[in-house]
Amino acid sequence: MKPTATLLFSCPDRRGLVAKVANFIYSNGGNIVHADHHTDFNAGLFLTRIEWHIEGFNLPRELIAPAFGAISQPLDGTYQIRFSDTIPRMAIWVSRQNHCLLDLIWRQQAREFSAEIPLIISNHPDLEPIAKQFGIAYYYLPITKDNKEAQQQRQLELLKEYCIDLVILAKYMQIISPEFIDTFPSHNIINIHHSFLPAFVGANPYHKAYERGVKIIGATGHYVTSELDAGPIIEQDVVRVTHRDEVDDLIRKGKDLERIVLARAVRHHLQNRVLVYGNKTVVFD
Amino acid sequence: MKPTATLLFSCPDRRGLVAKVANFIYSNGGNIVHADHHTDFNAGLFLTRIEWHIEGFNLPRELIAPAFGAISQPLDGTYQIRFSDTIPRMAIWVSRQNHCLLDLIWRQQAREFSAEIPLIISNHPDLEPIAKQFGIAYYYLPITKDNKEAQQQRQLELLKEYCIDLVILAKYMQIISPEFIDTFPSHNIINIHHSFLPAFVGANPYHKAYERGVKIIGATGHYVTSELDAGPIIEQDVVRVTHRDEVDDLIRKGKDLERIVLARAVRHHLQNRVLVYGNKTVVFD
Amino acid sequence: MKPTATLLFSCPDRRGLVAKVANFIYSNGGNIVHADHHTDFNAGLFLTRIEWHIEGFNLPRELIAPAFGAISQPLDGTYQIRFSDTIPRMAIWVSRQNHCLLDLIWRQQAREFSAEIPLIISNHPDLEPIAKQFGIAYYYLPITKDNKEAQQQRQLELLKEYCIDLVILAKYMQIISPEFIDTFPSHNIINIHHSFLPAFVGANPYHKAYERGVKIIGATGHYVTSELDAGPIIEQDVVRVTHRDEVDDLIRKGKDLERIVLARAVRHHLQNRVLVYGNKTVVFD
Amino acid sequence: MKPTATLLFSCPDRRGLVAKVANFIYSNGGNIVHADHHTDFNAGLFLTRIEWHIEGFNLPRELIAPAFGAISQPLDGTYQIRFSDTIPRMAIWVSRQNHCLLDLIWRQQAREFSAEIPLIISNHPDLEPIAKQFGIAYYYLPITKDNKEAQQQRQLELLKEYCIDLVILAKYMQIISPEFIDTFPSHNIINIHHSFLPAFVGANPYHKAYERGVKIIGATGHYVTSELDAGPIIEQDVVRVTHRDEVDDLIRKGKDLERIVLARAVRHHLQNRVLVYGNKTVVFD
């Protein structure tokens, strides 16, 4: 696959936006491989994703952002430019459960993801052998009421030290403090929540689902914001359950959901297919 | 189809219950067409559904309940006996939307349901032509803050007058008072809620789902209890939505869900497949 | 909703196509409400759908097609222009089952579809009362081995007489001859097939599904071509079945699928969201 | 979890079967934890699954089968007795793809399966490192036209040597000969086929699905019989695809399906929940 550049752009809706963006690519000799636009008429917002081959593009990479900036600025737009051969660095945060971690590593090795995984952080020592097996640094940072702030500082240092672009909470099971979230670049922390949000926010969603007697359970991949389990949703999926399913069965069925929903959310993010606005996402798939 | 009797029975779990129930049928010459049992080990409860041909059964109909009562009583059980040729009478309560009403009538005519529909009650006059077309009595009982109690009295009288066994809230869009619910036999009012409960309880679930940016919407068929949208769930289903779907699209997609989920819930109930315990259901399908 | 024009366009892939098409709209003062592009790299084909408000567009309606033709021609493209306020005329062909017919009429009345339904054709007299109820012309044209060709001639005349744009085979259950298909404009006949194609082509798919012991059944909405059940697929959906489901249950569950899948396929077509190429469709939803 | 015995039994339908089976358990002091019955009225067949605690059961294990045999024989029945603490031995056959193999091993380690995995057989050397990592014997038996029969002989010897009860074809991608299938106990070879059978039998189903332009792809877990991809289906599931998905995307999405569908099929089998009759299964879940 030849390297591509991807532009994610949004601005207040007005005439000629598709043409403006397409002309920018075309007039610089770009060959578009994917272009998708969306207008949210309630929000009065135009949102677009364009991906094109860098090879043969007339602008050198470092000039693309400033050049497009000159177009975006008078439109009151915001934009990002990403290059497919700039591989993001991902930290995976876990607790004791291994299924999401193993799944993410497997997908990275199977090249479903284009990302490096140099760092695993956990509040438990249990999954260190997996880190060792795959040559990934593992930091065991147990969390107590007293050390939470200090450990958080340590976590931030590690993210910096390892040049981490994206944090995946792969069943980390701890609440991330608003200060932490504000410090890290926004919409670069993805969490898998083991329920069909907004149902069953917070702890023990499978137990709550069992108590409520639902006939379907779900999982939600979302960006982490300062409000618990309330960030922009990237992906959700569900599976049917019956009266025969006990809590352990919900947990088991849920694990398959969690793996798949988290993987889809991470993949969409890594392919620069997600545009966040307000508390919502556009997923250009 | 030959007429059948159906026993729904539950009691504290202990040895020999399947045998006890099966022997009751067999020793009286019954030919079982469906038998399914469930044990909820958390609740320590045994629940069962048995259906058999009445033809050739040695006990006359009126003696089945007392005869089984003698078995159930020492087991601290509760049970119901229903006959497939005793056709339940269903009242459908509507507001302005016609899709669930038309769907229920169509299914009854297509013999997907075995039920009579002698009565429609509405707080709006809009759907009276449908009632006329199918020869169903239609009562327009507008609800205001002031007349709510009086109208409720009128509703109860109508249910009595028309010998109604089952009330279907087919998008009735009004809260039923706890007094009303207590007066009518329990677990004989079914509501379709246009969300994936417990997400989006109360009014305007599609607007809330749109605001929250969910990727899947749902519908829930449940028994009405005194707590709003919190009764035992009979059936749920979902459909995928995207950023392209506006509130109107959620409503449109939701209508298809509502029709199907309500129909399944009603059918399960009418076939005596639902056993309620605590705030949950066993659906023997 | 203000009236829109929609362009469906495809041509061999090359640089600058998005810009060319967007500039055509923009330079004529068009306000785009939907734009989506797809490149099939295997086929070397670019496909696009653009929808814009006609109000304020500088070109008069009758000049849009020729003006765009001048752009399309050197690109070896094919294109269609449709206007949202030109309401297509739909004929529904049925046999004895009423569920798809009633569903299509209900959706048209609920304004889910923008189409007129002036004509129903059937090889049975059964559904004439429905036609009468809704004031639709009903032609009972029974088919036998001997009269098939003559009746087909009659059908074509009726389509002409009633100025029909789109034929919906709503469980018509008869094979349409290749001659008929060739005579009517291509990709304007939509069929609902009661299986998950290409499984169970031809007659009695539910019986075959039952025999095969599948755990899921499906339905397929597709354009009719001269090869039976092999035309371009517009939409499919499925539902789970178990060993408890007999053929009658498959038929019952299938009816819900058929209604929904056919409705989605028809809606996509009527909104000019479907572009056929080779034996495939792009559905711009 | 206390050890249980499970009886799978089927015989021509007649009165009193539920009672007969339940009395057998009860009269010997058994405590039933699961009992489910099904009557296939077309086939005139009664099928049942009963599971009970062995502890406190009056019959010693080795006498349960002969004792029940005395009941089954006059009913023309067939039955199996299994004990939950007799752990089946599973051989996994693979080709080059690792996802199903890793998934099965993960589930076994996570105790979703109660099975030993002492043996992996492959026609490629690629996955030997996985076998080493988990301490499983790995036999690389390349298949050519000339050596197929000899290798098959070797395979059978290995299954014997390792006391294998169940063979899982986890994307083995080779046709198993009818002679092999006849030699191994029937319905103890499970295959995952990467399509929604009976659509796309044989090789390259994702390519065929892409060519056909389907909107949904599937996977099927089934018992292997002498006719290719035509054995009794245990489990199926599907996932939606669009025109944007190329063959590689279908393969990627399909891998998630294959893992989950195969795992469900294997789990149902290992928990003795599957009863085969004719070319169909009853899955007592």
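Some observations on this one:
A, B, C and D are the chain letters, set down in written order, and residue numbers restart from 1 in every chain.
We take it that a residue touches a chain if its C-beta (ideal position, glycine included) is under 8 Å from a C-beta of that chain, and two chains touch if they have at least 3 such contacts.
A quick note: this is a predicted structure, and the numbers were derived from the prediction, not measured.
Rounded to a multiple of 5, the Cα-based rotation taking chain A onto chain D is 180 degrees.
When every chain is reduced to the mean of its CA atoms, the largest separation from chain D belongs to C. Each chain gets a centre from the mean of its Cα atoms; for chain B and chain D, those two points are 37 Å apart. Each chain gets one centre point, the mean of its Cα atoms, and the points for chain C and chain D are 41 Å apart. Among the residues of chain A, those touching two or more other chains are numbered 41, 244. By the touch criterion given at the top, residues 99, 102, 106, 110, 112, 133, 242, 244, 252, 256, 260, 263, 285 of chain C touch chain B in their complex.
Interface residues of chain A facing chain C in the complex, by the touch rule stated above, are 15-19, 22-23, 25-27, 29-37, 39, 41, 240. Of all residues in chain D, those touching chain C in their complex are 38, 40-42, 196-200, 212-216, 218, 232-238, 242-244, 246, 278-283.
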